[in-house]
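Structure in structure tokens, see below.
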């Protein structure tokens, strides 16, 4: 890929670093969490030095991630306000998935799907943090019924969250030219014009 | 125990009063549960507290501490007035028919012969009428007004159920319910096993408490029966054995009354102790006293005990005055003792009035503590905060502490409460330089012997001549000692019936005390243990637990004294003709030519039923005593007296006679009398006891037991707690007139206030067990509180009923 | 010791069945509360045999001590004084693991082999496989497992699996002075219980009965209660225990459904890509940009 | 097909579990599921009797080693002797905890003396202990021994010493204690039976 000075700056370095801190944490949490969730995934604990280490690390990574997620949330929340255009976009998301984006409304820096994802992830993150505290026996002791409730919530929300992240990742892979935004911080003008025309206009004035 | 642990399973009713076997003897108590499970037996508990025995009982009734005789008197009255007695048994096997001296009286709470100044009785009227034939007179119709039966009936008619309620606080219907249960065992084929422990003995009327139950069991015909008996659940593992060895002043080993200042020589000594039969044809077994005593002298002094020197009679120290624990500590307190040896005993913790005991110990020149553990006593001189406030610089006692071994670290025998002597094997060495008790004693004795041999001194003979033929003199082995205790022939023993026959060759171990002689030809360290190590070997090590009768007799397990008999007075389990009262539980029966059955007969083996030899062979009259003659210090029939510290101003039985308020024959030292508190300052009744998690003052040293019950507590009823504003878990202070302790309040429904003579009385329960040395939380010694007064006969202290006050800390 | 000194019925976090061919006797411990004197011999025997010693605590104004189960106290006596129709009763219950046939702890445990249910019914914790997550605590309907503060492993009564493996009774049952703890085949224990219940009924305890709760598939520690209609009198013995629906949901439906969902998303994405192809920037727009640049 | 909730879960989880393992390409190591080794397997067993109450329960004491010359026995476990007809293998909370009594932190290991006015214990040898005690005893006995009372009756009594004899000692030790104390002229002796 040829880097072009005229590429558009989508993320600065600190935003990218923040994203990847959260992303890596999430991957670690997902891997260790899945290990506790279903026996089939238990061997994943080997990646963490065994079951006990996985159990010890998971909640600390969780706290770490929660902290950086909050930073990220504060950075991006103003960009994720839902607009009518987003709602329209969401209504026609199926066309998009079919690969037919010709008639999609013009999108700003983020499209309706991405904004939706942002808010869902925020919600999940809150639920995971709170329910995680309920089941973090090494640090907290809560009534057993609350712990049981926490366990169900944590498991269910984590599954949803993993699924969403899978969609998030897939979307980045599927939409060619996207991932570089999180690597180098830039996207091509063509990419921007194609997928986020409103943002393209805003950035280029065209 | 007249019976034994396993025999409790044969009972129809297990009656517990003055004991708490579920907590103090859980493994023995299993047989009460077994009786419930397999015989549908009932378990009835009477106790000041609803304790863990009551938790599994069929019926529980409360009682005020120290009023047992009123309760028992009520039972006797119930049995007599409702005709619930075993008639044949009472008529033939007890002294119900015996006529009593016309001078005997009971008036205004006192028996005839009372001397107030001496606090004792002249007992010359407490005796049978003797006929011209030299035997006691009897009236088999039981109608003579001077016969024991009528005197007893009259005496206890005063204990109506209302009176019982008034004194004991036991509701009348609860009392009557208990009576009904007990009365049901008057049927010849029903038995009650009576279990008691220190709840009965630790009173100023302790001995009379037990007498009451003995009388009840005789009236019901339950003595000698399987599932019957008077069963003292004794405290320590070998308290029975050490009592048998008579490690106390009044007796020599085998309960041989020790010589006193009145016994100027062997002949006078023996004469006083060799009774004549009081009824014709009776075995009167104590007539063999000279044989037992002479054999003991030979065991101790061997060849140095000769006919010429009265078998070394003079070498035995003669008693003068009281020498029981209380008397000893009182003497010590008065500075009359210089030295004291304390072997496996923690008197600072276990003798009443800790302050007095501590002060007494501080007056000694030297104290020798021989113990496996660092006891509180050994550190009586050492400050332990408020638990033991002393100034060591002012205490001049030189204290030696010698490490002894524990049970696991040496071999030898223990005798259980059922008189079964059992051998133990050594498992491991003791820690560090610890030694066996016998080895420590030997070291001390041999050292003294060497000093006396070298330098002479006061009367060295008994020291120099004491038999010490142990293979390793410094380490007498338990095997050698048990053989010595058992006894042997010193010369060939010729059969008296057949001079050509040698029964035992010189040096052979004897199989039973029946072969002991009074001519110096036999040696025996303790006649009742004769048979433990016969020529056949160590019988205490027998381990065949087969039980062909199903009664749990296991005659081939260990060796029970006497002569391996498991149920005492077992001849009484059969009627006059020798037919068992209950053939389902045959202990003994007449087989036509001899006695047989499932035990060793407590009877001359071939004494025919028609010879009318009565079952209680250890009494000169041959029968059980409902009237104890001159044997007791405080009366031939038990009478209720208040504890020395009582919540009442008078004895409700004798409200007009202050002399009869508390036991008139109990010994009280002046300074201790002054230390008694009154209900005005100390309104609550306290009682002390053991918890199942602990054993006396030992297990506070054991980590695991400390975990189970870590800290001193005090049990109070909910009503009292409310009055005092005390909640469970609060720290409270308990004061008596002798000191105070602190403990955590356990507020419970299990102790209720009682209505006594129109007055509400609260009882407070105080466990013992805690102290300043151990793995438990450091605490006070409970006996800081208890009064220094004991039973009139044996001076067992009154730990079970005294006065206190409580306050929240 | 042979690996299979006791045959395994199921292991935690293991989805395939354990060898099942051998049939061994199902055992049970029966606690006859009506014969229990609360002496704590079982507590002591348990600590002594298992070489654990709890802290020396304090008295809290009750006979109970230690006050609760801990990682070192695997059984405790719970005392409760109740008064019903004027009659005082001191109900004393030995608390500890019930060894459920359907063990909630095992169901909740994520660590393979940390919790084993043997074919004889014993549910045993294997601390070397335990990861210390505490899920067993959430899973247990009787509030039994405890996580150690020092090593973060879960502990509870093993029913003395080491003793039972050599055909000895558990330490508590062996010690119990009054025979209130009986041990044998579950069959025999039920027969014995029936006899005890008959006896209790004759003594006026009309509601006497066996506590072998069906909600957890029955237990291998059962109680004979004088008041079987009111188990909660006995220091809160659950009236109708079962694995919490939350735990059932968590370790039941959620597990396969979520796994399925994740697999679905993964596969869905894959097939989406394969079927729809990548979403690339269209040639037109690229040309437009090139055009702009050329201008 | 009727299926209850539990069966449904089982099918779901078993099916999925299996497939997931295949998906992951590796499976967990078989975690060993062995019970704790029976610790008494080769311990030395000795028969004894509990030293607490008078039920005199039979106990089996298990110790390390086989009593061979160079191995020191250490008690590792004590439980009830099932042959004993009284306790039949059972023990109470005291008896069941006997090991902690034998190994109590407060066991005495060597003779000690606390001298008059001192605040501390001092360790001494057995020889020194016995010599010092015997010296006290002989001096006191020789000084205070009473051969006769005022009426001329021989009493041969040592009135200034008292002794308490252990009820936890064996019969043999108790007998020897009584025998030696009486020979020395001691009349003030007693035991726990009294109290």
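A few comments on the model shown:
For clarity, chains are labelled A, B, C and D in written order, and residue numbers in each chain start from 1.
As a convention for this text, contacts are C-beta pairs under 8 Å (C-beta built on N, C-alpha and C of every residue); 3 or more make two chains touch, one makes a residue touch a chain.
Quantities reported herein were computed from a predicted structural model and do not represent experimental measurements.
Relative to the whole-protein C-alpha centroid, the nearest chain centroid is that of D. Between the chain pairs B-D and A-C, more C-beta pairs are in contact across B-D.
One simple way to say how far apart two chains are is to compare their mean CA positions; for subunit B and subunit D this gives 25 Å.
Per-chain CA centroids place subunit A at a distance of 38 Å from subunit C. Centre-to-centre, using mean CA coordinates, subunit A is 66 Å away from subunit D. Between subunit A and subunit B the centroid-to-centroid distance comes to 84 Å (mean Cα coordinates, whole Å). Touching of two or more other chains is recorded for residues 13-15, 39-41, 43-44, 47-48, 53, 112, 129, 177, 179, 255, 259 of subunit C.
In subunit B, the residues that reach two or more other chains under the touch definition are 26-27, 30, 692-693, 703-705, 708, 775. Shared interface positions of subunit A, defined as residues touching 2 or more other chains, are 38-40, 42. Across the interface of their complex, subunit B is touched by residues 34-41, 43-44, 47-48, 53-63, 65-66, 73, 81, 83, 88-90, 92, 177-180, 196, 199, 202-203 of subunit C. Per the touch definition, subunit D reaches subunit C in the complex via residues 5-6, 9, 12-18, 20-21, 23, 28, 30-39, 77-80, 87, 89-93, 95-97, 99-100. On the subunit D side of its complex with subunit B, the touching residues are 44, 46-58, 61, 63, 72-75, 78, 80, 83-88, 90-95, 97-102, 104-119, 121, 126, 129-134, 136-138, 140-142, 144-145, 147, 149, 151, 153-195. Within the complex, the subunit B residues that touch subunit C are 22-23, 26-27, 29-30, 33-34, 36-37, 40, 50, 52-56, 58, 60, 692-693, 703-713, 727-730, 743-750, 775-777. Note for the complex: subunit C touches subunit A at residues 13-15, 108, 110-112, 129-135, 137-138, 143, 147, 152, 244, 246-247, 249-250, 254-255, 258-259, 261-262, 265-266, 269, 272-273, 276-282, 285-286, 288-289, 292-293.
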